[in-house]
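Below you'll find the structure I mean.
Order of writing sets the chain letters: A, B, C and D. Residues in each chain are counted from 1.
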């Protein structure tokens, strides 16, 4: 299907349920998709950071996209990450995920290598030239160790290279420069600006973002859909209250002991533990080499869910 | 063939010659291998940073290993990088490069993700458990944005997980902790410590390193072999003089205008331009999205070669 | 005078006008204070980053505080930075600025040294124990290279160590954790949360911040006072429009050529050039070793002022 | 006295003994000076990082310089740090330490502020213009968060701005570029290149450094003097053995529990504990807000001393 321009609303970055031996679990993935679609989300984003894309083998990535696009059946758009170090490898992923049915691809700046902004620009231009579907830039400096300059994003959008931005920079002021810069420009009609900041969705929508890609929406998609609707209805106080409820729930990402594991293991482990506790997925396993949550840490996840009325 | 334990001498990280349209150029690659082997190197390292591994598609990576192992025919060991973000993806690369004939695999810490040292340790343990050949750790914080702790390297070596270390950290004091820490320990006999610092090979050998993996050895393998032999013969003044000559030549990595391109594009572009100027490879192209050197920058490479007596 | 608890509204970080030979210019400083007070600001913050505190000699710092407190004469509170590397040096600055009449002190985490969070906590406890006036924490990771953890800020506030937070982290989500965490707690009544993000004041106020410390308020204090009043009146659309007008004006911080000077020289040079062009201060000089703006760069500042209706 | 050009040998960065209440302890400081001078060091460096300069009040800094210069009485040169954020503040320190008798000043790049290389160059030029004694650049990126470019150092040396470099960058390859670049240039005769890397002094001397500034020389000055003499006598194997003995002793910097304190507190605490255990200073206290070593950690320091034959 054609990607709406702009794409609005809640676009969850879909977790990838795994079996205990690390394989993709398609029945759980389909139940997770139903859980999200049933809550009223606008589109799905697979193979992003919350999907553990960095941990999935190529055949698993393809399996995820095929499973989700087949199950969704065109009811709503499916965006897919094409996450790899440099252009030639990203082009291979673009080919794979679009053959598997993705309606748009999400591409980061190069990483591992030392990249000049001019090289990042070339990277996106080459990706767009090779992609049969729209390209959305994924700004995630915590992973790629460079940030996208707002002026570069706008310039590439005006060239027709970028259809949108998924902002996980944590820098709301920079994101705002893109949102405000795109507004009212005839050549940027249809540009999609999505925030990935779970804790600032109300602010991002208030300043003009089109939608949100909150990892926590895996756990509580209804909450983010309510927040989005309150915001669009102009009930900013209501949106803020819903955001604050979700912020309290977001505390679950910190259950993992930082002496034992990284922040990513803790957050992804907590999302999956929550989905398991809520009965959506069969197994809360995360991919290697992540450290799994201990039972006492899973209990803390349950506490957060209970406090949020989700268990 | 079995990897020597320890592996000593010069182990060049072999550049990957490309055609103008970005495909691997096997005849040029074979000529480059002949150029290196003929100079007296001890082993070859393919699919490292100097090989543009981060830029090669999976089918190209496999082609590089197959081409080199077939051409070398067991005359000396071939080490291959298995460079990817996390364990499951690295395991796929290990399977691919060892099927293609690699005698050892070189593995970095996870990247893109936020990684805890305990997860890095698991990563290496899982890689070693799955690998039919020895695993050498690749410490390259400029690319992966974490550094390997010397104590962790030694502990994993004592467990039998790591057969060696390829150090591109730039931190000679940390590398020395590994070298000195391994010396005289019965359980670490055979551990290989290789420096990747082109400009400090004489120092690294003097403090006890087993060998060197200098990217510049693509351009002047004879120089590094001389340096290695002088050092082993105890002629430290001679080694230093050779090292200083090579350091002057290394200035070629800076020919690229930093306003136009990244440091990686400049360095790899200069290595390949030098190999082209010396008649070893047919085309100096680097992979996308790197910016190519301009003619005036290639002229500066030629100037460095002339000054070093290589043209 | 006693610091309001909480302190609300616009608290400009007052620029320090200098003479051509680098001395403090008291008449210009008094005119700047009049310019700000006349616009309706709530308090003044001297010796912060926008004041070039890092560039002022100790005698100049004292002169700034004495000049401002004498001129203000208790009409509104004067906060003063006590910016130095570690606790003993900060205590000397606290003594100096409070003797000179400051109503509160603003203190960063230690810098230059490698600091553990437990040491940062000790630092604030010792500062508060020695200070005759309230201590406000200044979170500015771009300068000190560590960030304050929201939980630590709240814990120190509950202990009575911190009276408030001046947040220049750029991390609105982290700031929100402090604002939301302090709300409704009896032991944190009176805690002041101030944002230093010029471009997100509307968002910060909407999520519950008490006030703002925008460097750009030197140039357009009336704009920020309007924004603050619109926000408090519940006119969020009006606040957003005013914020967007100010964001456009903020573009002036980028007039300096990044090939010639740092971002700080450009921003501070532009603020002072604007104050000079608006007739508030006599000389736009910045302190050594900053590079001054070139005439063509000052012209661009004038262009921003004209576009904003300020010239 | 006039600074030798170049200055060679061991130049310990002298610890600052404190009383339990945080004041400078002149008798202990004089005993420490005797301990160092008696071992055969070439000069003394006060008010550097190992001296806790960042933690000393201005009156304490002056007291340190006066105490040491008076006690040394011109027997050997005294270098003094003029460590502060920017040029005007550094100029005040230069005036203070030279009035107190320092024979050279040691100056870092600006910190806390965002500094462009052109501003760093101006900073050193202004410092040299104002200083009655030679200026030595202090490259310490771990503290100031920028590194000095070797080409800039050489250019400023050729201008007559810099008399030398104290390298604490940890980047031996960059330091070597300065050493090799200065060699044989008529305009750089007399330039002094000193390494601050405790663990690489043998390497640094072998590649041409003039001397060393090892913090650990407070604890074992005789060892570093032996190492320097072995190196100058061409006994590189002997130098290496002495260096490895000192490297084992250097392990004492890690006795502090990283869950409780920063690396600086651990290292400085260990140096002072060792000096206290060896009977050189009266009290091992470090300045606020550093966390003191626990008794079990001090016992580990004693173990290192015993193993090194120093207790």
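We take it that contacts are C-beta pairs under 8 Å (C-beta built on N, C-alpha and C of every residue); 3 or more make two chains touch, one makes a residue touch a chain.
For clarity, every value in this text was computed on a predicted model and none was experimentally measured.
Peer 1: Quick one: point me to the chain whose Cα centre is farthest from that of chain D.
Peer 2: The chain lying farthest from chain D is A.
Peer 1: Could you work out how far the Cα centre of chain C sits from that of chain D, in whole Å?
Peer 2: 35
Peer 1: Distance between chain B and chain C based on Cα centroids, please, to the nearest Å.
Peer 2: 49
Peer 1: Where in chain D do residues touch two or more of the other chains?
Peer 2: None at all.
Peer 1: Name the touching chain pairs, would you?
Peer 2: Here the touching pairs of chains are A-B, A-C, B-D, C-D.
Peer 1: Under the stated contact criterion, what part of chain B meets chain A in this complex?
Peer 2: Answer in residue numbers: 22, 54-58, 60, 83, 85-89, 91-92, 110-116, 118-120, 122-123, 126, 142-145, 258, 260-265, 287-291.
Peer 1: Under the definition above, what is the set of chain C residues touching chain A in their complex?
Peer 2: 170-173, 176-177, 180, 197, 199-200, 202-203, 206-207, 236, 240, 244, 247
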